Amino acid sequence: MSTATADTHADAHAHTGHAGGFLSTYVFSLDHKIIGLQFLFSSLIWFLIGGLLALGIRWQLAYPWRPMPILGDLLAGAEGGQIAPEVYTMLVTMHATVMIFFVIIPVLTGAFGNFLIPLMIGADDMAVPTLNMLSYWFMWPAFVCMGGSFFVEGGASQGGWTAYPPFALTQGTGQFLWLTGLTLVGISSMMGSVNYMTTIIQMRAPGMTMFRLPMTIWAMFITAILQAFALPVLTAASFMQITDLKLGTGFFIPEGWSTNNRPMASGGGQPLLWQHLFWFYSHPAVYIMILPAMGMVSDIISCFARKPLFGYKPMVYSISGIAGLGFIVWGHHMFVSGMNPMLGMTFMVSTMLIALPSAIKTFNWLGTMWGGKIQFTTPMLFAVSFVSMFIIGGLSGIFMAATPIDIFIHDTYFIVAHFHYVLFSGTAMAVFGAIYYWFPKMFGRMMNDSWGKVHFAVTFALLNCVFYPMHILGMQGFPRRLADPYHYETFRNALPMNQFISYCAFAMVGMQVIFVINFLGSIFFGPRAGRNPWHSNGLEWQAPSPPGHGNFDFQPIIHRGPYEYGAPEVEDDYYPQTMPPPAVDKTK
Amino acid sequence: MNTHIILTCSGLLVRCRLSAAFLSVVCFLMVTGCQRAEELGPVAEPASVAEIRQAFSSGADALASDGAAIATGTGWATLRGQFVYDGTPPQMKPYDVRGEDRAKCSRAGKAPLQETLLVDPETMGIANVVIFIRDAARVHESAQPNDESIVFDQKECVFLTHVAAMTVGQTLEIKNSDPMGHNTKIEGRKNVFNQSVPANETLVFSPQKEEPVPVSVACSIHPWMAAYFLPRANGYHAVTGADGSFEIANVPAGEVLEFQVWHESVGARDGGPLVLETPEAKSLKWSRKGRFKIRLEENEEKVLNLTVPASALGG
Amino acid sequence: MNYPTLNKLEAFTKLQGLCVLAVVLAAGCDTAEPPAFRLNMVEAVVRETPPEYSQEISDVLGAMFGTPDQPYALAETGLDQAKLDMAAGPAWSDKKGTNFGLYRKHCVHCHGVTGDGRGPTARFLNPYPRDYRPAVYKFKSTLNAARPTDADLHRVLMNGVPGTAMPSFSLLPGSEVEALVEYVKYLSIRGQMESALHMVVYELEEEEVVDENGEPRRDEAGEPLLQRTPLNPATYPEQREEILSYLEELMEGWNTANEQIIVPAEDQIPGDDRLPEEVLASAEAGRKLFYGKADCKKCHGPTALGDGQQTDYDNWNKVHHEFLVEIGRKSESIVKRVGDGELDKAAEQQLINDRVELARWQGVAATLYKPRNAIPRNLRQGIYRGGRRRIDIFHRVFTGIAGTPMPGSGPASPGAKGTLTEAQMWNLVDYVLSLPYEPPSQPLKALPVNVDEVL
Amino acid sequence: MKRFWSFLFFLVPVGGVATFVAAPYLRLWLPVDVSEHGRTIDDLFMFILALTGVVFVVTEGALFYFSWKYDANSNNAPVKYSHGSHALELVWTILPAVTLLFIAVFQMEAWARAKMKPPDIAPLVEVTGRQFNWDFRYPGPDNKLYTIDDIVRTDGRLYLPVNEDVLLKITSADVLHSFFLPNLRLKQDVIPGMDQSMWFKAKAVGGFDIVCAELCGWGHYKMKGRVYFLPRSKYEEKLEEMRQEQNTMRVGVPEDDDE
């Protein structure tokens, strides 16, 4: 492969891009890579905002009703910097909302889905680039809705991210903006998922059979299916809640209902209906938030263990199994909600079963590490930590799947610990790993590995200090979303532990400065990366770094799966998917 | 290659700038949003606080006088006069009569008219102006508090006495001549009363304390009903009649008397001091508080004819 | 094997990163100031107290009552400084586990630092939280015009106010509840005093301007020049006297509250252990009164759903309602005058002044919440905000609910004549208590009218 | 420092187990259980804790071991070129599947007892959650709810007899709340317009917290209540006392103390 031709190729693309005008090239771009980066940047900014919101929560739990420095006056106004209880509820709601809908989902499917899918399947772009662009720009009205809701009368939504009616319906404009934002995010995800499915099915390079797809792509594919089938339910449900809120319908309002001495216009609905509809989306959404991370981790682990992925097909089947089962387990969020307890039993069985594919995946990752030559680069450290943390998150899930235990731990910090282990220690760590891993492809430069390791070590240590103790808080029955749990005698002794957690949380968020500096600095000053700095097999690594418009400067033809590390057929310990097999060499 | 990277970078910079702009907008909104409303008024200053607290804790200095007016003259005089409206007499709007009592509360099918500003079209006299002496050094026996009762009737959802001025100790006989129940709610600074008055019954209320200005009397059941009530320590008070005339007899002569003039259509709530800036008012040094000082000779019968421009009554 | 060996970041980048972070952090407001008592600006503008006095009133109140962090009980108030200290300031606990800053911890979100019922949470609540400053309390055992007793305030804290967002604080240690009662009284007295200071200021006469020799300065006409007399009890002993006499007067109300308790006459109290039929008969008599002489139906409605007269306001909302109406009137007048065109100099100046004043009023109005009507209680819900003991309901019937349109049926003062006899009031109590169980109450309906006033 | 990273991962199982060992000493453990059925739930919890604990230690141990053994810096052995093992896949599919199904079936009885088989008695108290308080309605002398002699309490204190089957009717006046009794291992969301029940038998005298466990508004944290278990005789005394209080027709006038 001649570098010279590659360069001219890239140059040509750069020029065509330039000719299209700055705005259309870098802002309203149709290029999947630029759109992916747009998603990446906006989610990282929201990650910061969401993290700050979490610090507000942690402050209150560590120093209840004490004036909060800096943010206190911003949030609470006239009360001398103390966090007012409704502000606390707002923090809880908006932290979850921002993290789920503006960080995790967009960064996984939006950023990495967009950036990687065409590159990894050998396509020059998405099937419908315009739709792709729209899926990003539909996020902006959602950003404005949610961000702006902090400044409307009554502030942002306080209904919890689950927005359970009838309480959510007592909220004002904040809730309306929240629902509108949610619907817009739904539309954006919908556009993305349709595009991903089409692209993966239709636009694979020659030789890229379904079972030669990297796990990342399989995960994105299944995620897209989940989104496509679950999202309409949420969109419909949030639309129903909007009409309940603004137009006086009564889907979720019981007969004769009144609160806060407000007369209500109608009734005859059922609050539980919302929970069913909401969780019908939001439980699959949990897998939307973890499957792509699992896929990316599989790729990273196999690459740095220099060894084929253990049990490729079982991995694919287990992802599909998670997706299938994911649709019939939503009721486990509602064990104590008042639904028929008979349903509880059914959901317990299905929930227990969904632990199975996750277990299979974990064992396969361990199998991949077994007998390899593990290179502990920064991405690998994050990927291994994902496995390690996912074990904790997965095992703690078994507690709440067990209905009698869930009666006790439901809505306690045990749940908080569980989903933070899955979503922060799991997904967010995987995302960090993926950023370190694919950064050279995105920007053509390497991130600093030493600082990356420092970032990893600090984050890894602190996140365990933050989230692990929450398990024992939960065992004690310590409830979620309580602005001042120390009112209760039972929980008074949890204060020191919460202070410890809060210190660690402040430190952890503070330490992300390392990442921010490394990330921004490396964009401009990092050492140049070649096409394949990690000696990886994946197709994306055969493209220039960063890839020009149209991605490949050659026509990729796929000869094998992406995990042929340490293959005996070749001398190198990697065997790129496009490299023709030795048999072809013989004929030469 | 280089160009491409530079372009990518500058593209990123643009995005950074965009997000920076977004962030700064957010920050700006937060900062402005968190600013406390200045309308909440000032906060105490520690230095003056310390000084004043010192003064409070150091015990009261003996004061020469206890503030009561000192008698300087002898004999009695009379003040009479008339308040004349300068302008077109306003048409009073009917009350916003609502609810099931509409029929009973209407005179010949029409809601009663408000009595906020009553001007007699012939004499142009203004009714229901209240004038009283703020502090009298001597009180004539005819102006001493007595125990006569005043009938305070209500009919067709109108208080028949629009302004009830009286002395403390007198009883207000709150009468209800309507076929339905009323309640009478007096929200004074020192006199609070809220009792239901069943149809055709009479309740009594005897104020024990003086009020500095007339206070409102209302009926919660018929919120449009409005009247005023003024208990004073002595009888030196008058409410102008339909022709705007008043008379306060037997006021102490030879003293500087400070009169307060009040009308309900002045001020934000529940009426206020009537402020006049006409030449005759200027000669009385009529103050911004609706007060003027006057000194009468023994047996003098002073006549005050005052022109009230429409603007003084919020017109 | 060639692993990427990566350069250290340039120091420049780090510096830049730190700068960005510092800017982000500094972009917030300054560090939190301790909260301060605020003036009742509605009162200030409605009474037309000149703005220059606001600072002085604030200073005098500060001298008499201290700050939210350091309350001060003037001996004349008879308040317990130790209890105030426990209730005031930021929330914290000492090593022994004694809690301080109780008001800031439990009450301030709704009732506000100043006790004006305008904490940040207040806007979400219906009814709005109580404004302590006028010292008018609804649920008490004393006569309408009287202050509540300590026991009354204590009861409200223990049982909460059902039907509102006021929760019960019965699980707090007794000493903490007592400290809170004391602090609520403190805020009330402070509020009353603020109002009295406006009266003091209103009565201040202008004083003569004197030159360095103590001679009064005169204008061209030979009249003495006059200037505003500042409110400063430290330099004007007579002001101090007057302030203290106001304080004494208002403290008398608090100190005599126990004497104003309504004690039902023993001989009229129905027996403690009545047969159900007797209760029923009594309720039936009450029912006749409800629709007849007592005329409860006028407000509570012919169905007792609270759907009678609903357009009146309670005192707290009425003040704001009238304030807003007056603003409307003022701006209307300005619009009219502007429309008239052709104004002379004086009228022009007047117009400018009025506009400035209107702007000030509107600024104050912007800090208010929308006034709400006083909705009579739906008696069929079985929710009794002031408590559901028979004596509580008896007190409501006897003396009405202070500050609200609800009138009393008993004598307004000892010895006066009431509308109903006590026996009749007890009948009403029985009827009111039986209303939720009357058949038409099932199923209960929400209030049918006045939707836009409440939403 | 050679195998630094593997040791970092080794800290996970060590720290994880250590935290749970240390937790009781930090007084952070399951709260005191005063119910009859609570034991079952605690046992189930401990059973799953032990089971997951073993799996946790084994998998995290394996993770550590592989990171330690196969660290490229110290491992010179050639890479094991393998695409997986069918037999292993079968083993680690079937084994967890059986275990998980066993856990599920094993729990069903406890669940049924807690939520599906109420005792055949009349409800003793109606509990109503409202923003932001728990209100309690006792049936009064006629033992029937919603009659004129009901005793309604809003002071957040619930009195119940000990050592007796208790059936509570729980509902909400406005939004969702959750009636959570940590010491009885019971929790039930309450929904406006829906009646639910909760039943238990307390076995200890004393006062225990009532917590609201479903976000119900700004004052969610204020919904503190307390349940007191009393011996039958004391309980009846308390009921009578509350009935008397509700019927009070006299008012206490404090002695005038001129201080």
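Read from first to last, the chains carry the letters A, B, C and D; within each, the first residue is number 1.
Here is the rule we use: a residue touches a chain if its C-beta (ideal position, glycine included) is under 8 Å from a C-beta of that chain, and two chains touch if they have at least 3 such contacts.
Keep in mind that this is a model prediction, so the values were computed, not measured.
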item: Chain with minimal offset from the mean of all protein Cα atoms; value: C
item: Most widely separated chain from chain C, with each centre as the mean of CA atoms; value: A
item: Rounded Å distance, chain A centre to chain B centre (Cα mean); value: 65
item: Centre-of-Cα separation between chain D and chain B, whole angstrom; value: 61
item: Centre distance in Å when chain A and chain C are each reduced to the mean of their C-alpha atoms; value: 49
item: CA centroid of chain B to CA centroid of chain C, Å; value: 21
item: Contacts with two or more other chains, residues of chain B listed in rising order; value: 23, 30-31, 34, 40
item: Shared interface positions of chain D, touching two or more other chains; value: 131, 217-219, 222, 224
item: For chain C, residues contacting two or more additional chains; value: 28-29, 109, 121, 124, 165
item: List of chain A residues in touch with chain D within their complex; value: 84-86, 88-89, 92, 158-160, 164, 166-167, 170, 254-260, 267, 270-272, 305-314, 336-338, 341-342, 344-345, 348-349, 352-353, 355-356, 359-360, 362-364, 366-367, 369-376, 381, 384-385, 387-388, 391-392, 395-396, 398-399, 401-405, 407-408, 410-412, 457, 460-461, 464, 468-469, 471-473, 475-477, 479-485, 487-490, 493-494, 497, 563, 565-568, 573
item: Chain D contact footprint on chain C (complex, rising order); value: 109, 121, 124, 141, 149, 151, 158-160, 162, 165, 167-168, 170-171, 258-259, 261-264, 269-270, 272, 279, 382, 388-391, 394-395, 426, 433-434, 437
item: Complex contact set, residues of chain B against chain C; value: 23-24, 27, 30-31, 34-35, 37-46, 48-56, 60-61, 63, 67, 98-99, 180-181, 183-185, 187, 191-199, 201, 203-206, 208, 212, 220-223, 268-269, 289, 314
item: In the complex, chain A residues that touch chain C; value: 64-74, 76-82, 84-87, 153-154, 255-258, 260-265, 375, 377, 446-451, 484, 513, 516-518, 520-522, 524-527, 529, 533, 535, 573
item: Of chain C, residues touching chain A in the complex; value: 1-10, 13-14, 17-18, 21, 25, 28-35, 68, 90-92, 101, 104-105, 108-109, 112-113, 119-121, 123-127, 163-165, 375, 443-448, 450-451, 454-455
